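Two complexes follow with chain A in common, the first pairing it with chain B and the second with chain C.
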Partner chain A sequence: MTICVGTTCYLLGAADLQDLENFLPADLKENVEIIGSHCLGVCKDNQYGAAPFVKVDDEMMSNATVSSIIEKIYEHRKGSSHAG
Partner chain B sequence: MMINDEAFIEVEYSQLIKGGEAVAGDDFKTEIIPGEQRYISVLSDGLGSGIKAALLSNMTTAMALKFVAHNTEVVKSSEIIMDSLPVCEVRKISYATFTIVDLINGTKARVIEMDNPEFIHLRHNEEVKHEKKIRFSQKWPSRKLLLSEFPVQLEDRIIFFSDGVTQAGLGMKPHKFGWMRDGCLKYIQELIADNPEISARSLARSVVRQACCMDQSGKPLDDITCAVIYFRHPRRLRLLTGPPFKEENDSVYVDWFRNFNGKKIVCGGTTAQIVSRELGIPIRTDLKNRTRGLPPPSQMEGIDLVTEGILTLTELAVTLEKETPLSQMQPVIQNFYNLLMDSDVIEFIVGTKINEAHQDPNLPVDLEMRRNIIKRIQTCLENQYRKKVTVHYI
Partner chain C sequence: MQDKNDANRMRKELLIRIIKDFMNDTLAEKIDKIPIEIRPKGEASSRCCIYKDRAVLKYRLMAMLGISVEDETDESKSLSAYLADALKRDSFDEKILSVLDVACTSCVTSRYLVTNACRGCFARPCVFNCPRGAMSVVDGKSVIDYSKCIDCGICTQVCPYHAVIRVPIPCEEACPVGAIKRNHETDVQEIDFGKCTYCGKCMVACPFSAILEKSQIIDVLKAIKEKKKITAMLAPSVVGQFPVPLERIAGAVLAIGFTGVEEVAFGADMTSENEAEEFVERMKRGDKLMTTSCCPSYVETVKKHVPGLSAAVSETPSPMRYTSQTLKQEDPETLTVFIGPCVAKRKEALIDVNTDFVLTFEELAAMFVAFDLQFESVKPHEMTRPVKSSGRGYATSCGVSSAVLKEMKDAGREDIPDINAQFINGIDKKAVKMLQMYATGKMPGNFLEVMACEGGCVGGPCAIGKVKLAIDAVKKYADGPGIPKKEK
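And then the complex of A and B:
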């Protein structure tokens, strides 16, 4: 997953999301790769909602918080295990 | 100061304050007189230490700069300086040493010395000795002025210091009489032999640090100041920030990096994306590199520094304006600062497109306009840090 730490996202909450790794439950910690991005390129486009933006697999999330990200990761895991 | 496209005069100094004092009793000032292609530098050591010495040395450097710039006769200038300094209550004299280096057209140096250790002129890492004229003041017969004039050329260095350098380690083994000018000269020559292009900034810092080590107590026993003038090929840096006003100019924008041999900085997420796309270099952002208050830097192969835009540039502007000590800067600003300080000619290529997301009323801080921040940084780098700066808008 990718956390945008561009100016707007950083100011609207991504500064706190950088610590996400510390808040991940044990079962996710080893299976989730967290990387940063200087811009996911969607903040100028209102259709995506508000910053901070985070991408889990290929899905863009707006208004991301630690809990909403964890929820989304579980959702994706479930989805991929169903598919598999 | 740029002499021509191939020659730049780098003037830097470094200073340590005597242990236990709050201010330096030595002072260094420098001034560029652009219309005349002149660069004047003065180093003064005030009698004693602390505020009293600071007052004497600051008055001396300020007056000396003015007198030299106005071409006032040397002995007359020195007499006025000596007459003006307040008399020390304890010692009943008014006194501050000085070394004045007046560079004309980048080709000629005129040096006026009074009671500081004699300056060093290095060419091909060998000392060049100069015949000095001696002048006495009738009013102050015990004060001796040494005058020298000589041509300078590319790769020459002029180094001068206060006696805190030459007397470092005084009374301690193995330098019972201190480091002395010869010891310092030998050390400088070793440094240059190891690193022939060592900057004025690094050389001045190394001399001061080494002098401090000689004192063995760990803190300087006197104010220690060293100034270095280096006639060098300019070191160039280009910084790209902000997307171009028109998207079709993206390629022209990144052209500033193609075939450029100097240091390269990218400031801004969108800017990094443009550079990445145009040059085919991926961007990596490691969240573990983060520092408090600023987004983390990224890495791009071949680019020396990739940072976030407005917040980082604003923090840099404040840091430069306040002359914040290196140790108190955040790591990304430290890198930024070092890259700027190790460059002589700095070019800002500024894309002027407004980022609409930055106008969001929900943002907790006001984001300054990119152009305004760059103007602040430009003014500061030119006036406080003696850099040659150009700004191109696109």
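And then the complex of A and C:
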């Protein structure tokens, strides 16, 4: 998953996501790679909602918080385990 | 550091807007429309209705222009007219914080409340123990007669069901010195500037974000726009505030129009050196205690609430003062802007002739966003002025004392007295009592470091980085090599 740390996302919330790793449940810690990214370029485009933006696999999340990110990761994991 | 919440987000978004519009020369024309654009008809409101939201937004913008909400004499005066006033001013007043009366009416008038947990019991200890006869049982539940209640809290102590709760007024709860109180005529909180220490804790505590800090952003932007020489002085806590190293932050500061950028850490080195010297002198002459003086909120606390300690406060100027003094000596024409996490520095800057403006990290970050600046596309700026690593450690609790102690050790002097260093990490109501005990001379230690914010400056009310991460970042820099002096 990718956390946008462009200036807008950083100021509007990504600063609080920097130590996300410490909040991941044990079963996710091993399996999730957290990448800090330059501006993902979606903040200029209103249709994506509000900063901070986070990408889980290929899905863009707006207004991301620690809990909403964890929920989304579980959702994705479930999806992929069904598929495979 | 402020928790993540809607009020903070709104403040940041407003800041970004006004910076953008000001730099585009469109602020005068647009500023009165901002409240309507943010709360248009037909969309959700945060308060009772969009009209109240708009009124609150107007006053928030007023404070961002650096004008006290309390100074309003004509309700119909437009924001663009206030902007014109802001552009004309050349000084600031002491009313650094401002209470937004429209937003502040929502806290309870009495602190005690009987909840549903009340069983209307047979023993009725609340009725029996109330010293004013304010408690009675109506329809099987205890009821408080607020005209008699004196807020003593005995009912909460005696209820076996914990059914009577104490409802705090967050700003009063947070204020360490009782400087914010309700004006019973207007039902709005009022700040007594004779008592206020500018710590900013009320501002952080208020869930309605009704306490505003008066910004100087317009004044700084104006100077940038007029292409004046203007130097940003970055407080030592800066390294924990952005997700990039210091050189990139400095590069970004230059990219948005500052003509110079310096670390306040070099002023901190001067503070450490002189404070170490002062300590040795003071102990020689028989003083029992010396305290640090770099935290302006602590200095105000002593001045207004613990006068008995004022003789013990170090007379050595703060890092900000040394930094701005040095810069003004090098170039009297340059304007100096202290950028930090602190409300009280605005007050210190009023008496420091060399510091022209004070901005917060939040305002700096909003400038980066408004200028559409991304760190990765910024050219890093190599800092060249020699800085000791210990000066960079000033922003965390214990950082100042360790810098001063190191200075004494490094001087290799023989006449160094035994040092017993003590710390007060964050000034709350208890800490003020502790300080009063220090003033009586009954506390241990001969060197006392005091920081008004918990964790040190990194925990300041206008910081944006997570405190824990910021402490790590500052410590990493403080353990690093610093910038050595060049050999001649």
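One rule holds in what follows: the second predicted complex is superposed on the first by the 84 of 84 C-alpha atoms of A that agree within 3 Å, B and C clash if a C-alpha of one lies under 4 Å from a C-alpha of the other, contacts with A are read in each partner's own complex, and residues count from 1 in each chain.
One rule holds for everything that comes next: a contact is a pair of C-beta atoms (placed from the backbone, for glycine too) under 8 Å apart; a residue touches a chain by one contact, two chains touch by 3 or more.
This is a predicted model, so every value here is computed, not measured.
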>> Please determine, from the superposition on chain A, whether chain B and chain C clash or fit.
In response: clash
> Between chain B (first) and chain C (second), which, if any, makes contact with A:Y10: first, second, both or neither?
Replying inline: both
> Does chain B (first) or chain C (second) touch A:Q18, or do both, or does neither?
Replying inline: both
> Taking the superposition as given, does A:G36 touch the first partner, chain B, the second, chain C, both, or neither?
Replying inline: both
>> Between chain B and chain C, which one contacts more residues of chain A in the superposed model?
In response: B
> Any idea which of 128-136, 254-262 or 290-298 of chain B is the one running into chain C?
Replying inline: 290-298
> Shared contact residues on chain A for chain B and chain C?
Replying inline: 5-8, 10-12, 14-15, 18, 36, 38-39
>> Please output the residues of chain A touching chain C within their complex, sorted ascending.
In response: 5-8, 10-16, 18-19, 36, 38-39, 65
> Tell me, which parts of chain A touch chain B in their complex?
Replying inline: 3-8, 10-12, 14-15, 18, 21, 34-39, 41, 43-44, 50-51
>> For a test of understanding, state which residues of chain B touch chain A in their complex under the given definition.
In response: 268-270, 272-273, 283-287, 290, 295-296, 298, 306, 308-311, 355-358, 360, 362-365, 367
> In their complex, what parts of chain C are in touch with chain A?
Replying inline: 4, 9, 12-13, 16, 242-243, 362, 365-366, 368-369, 373-376, 464-466, 468-469
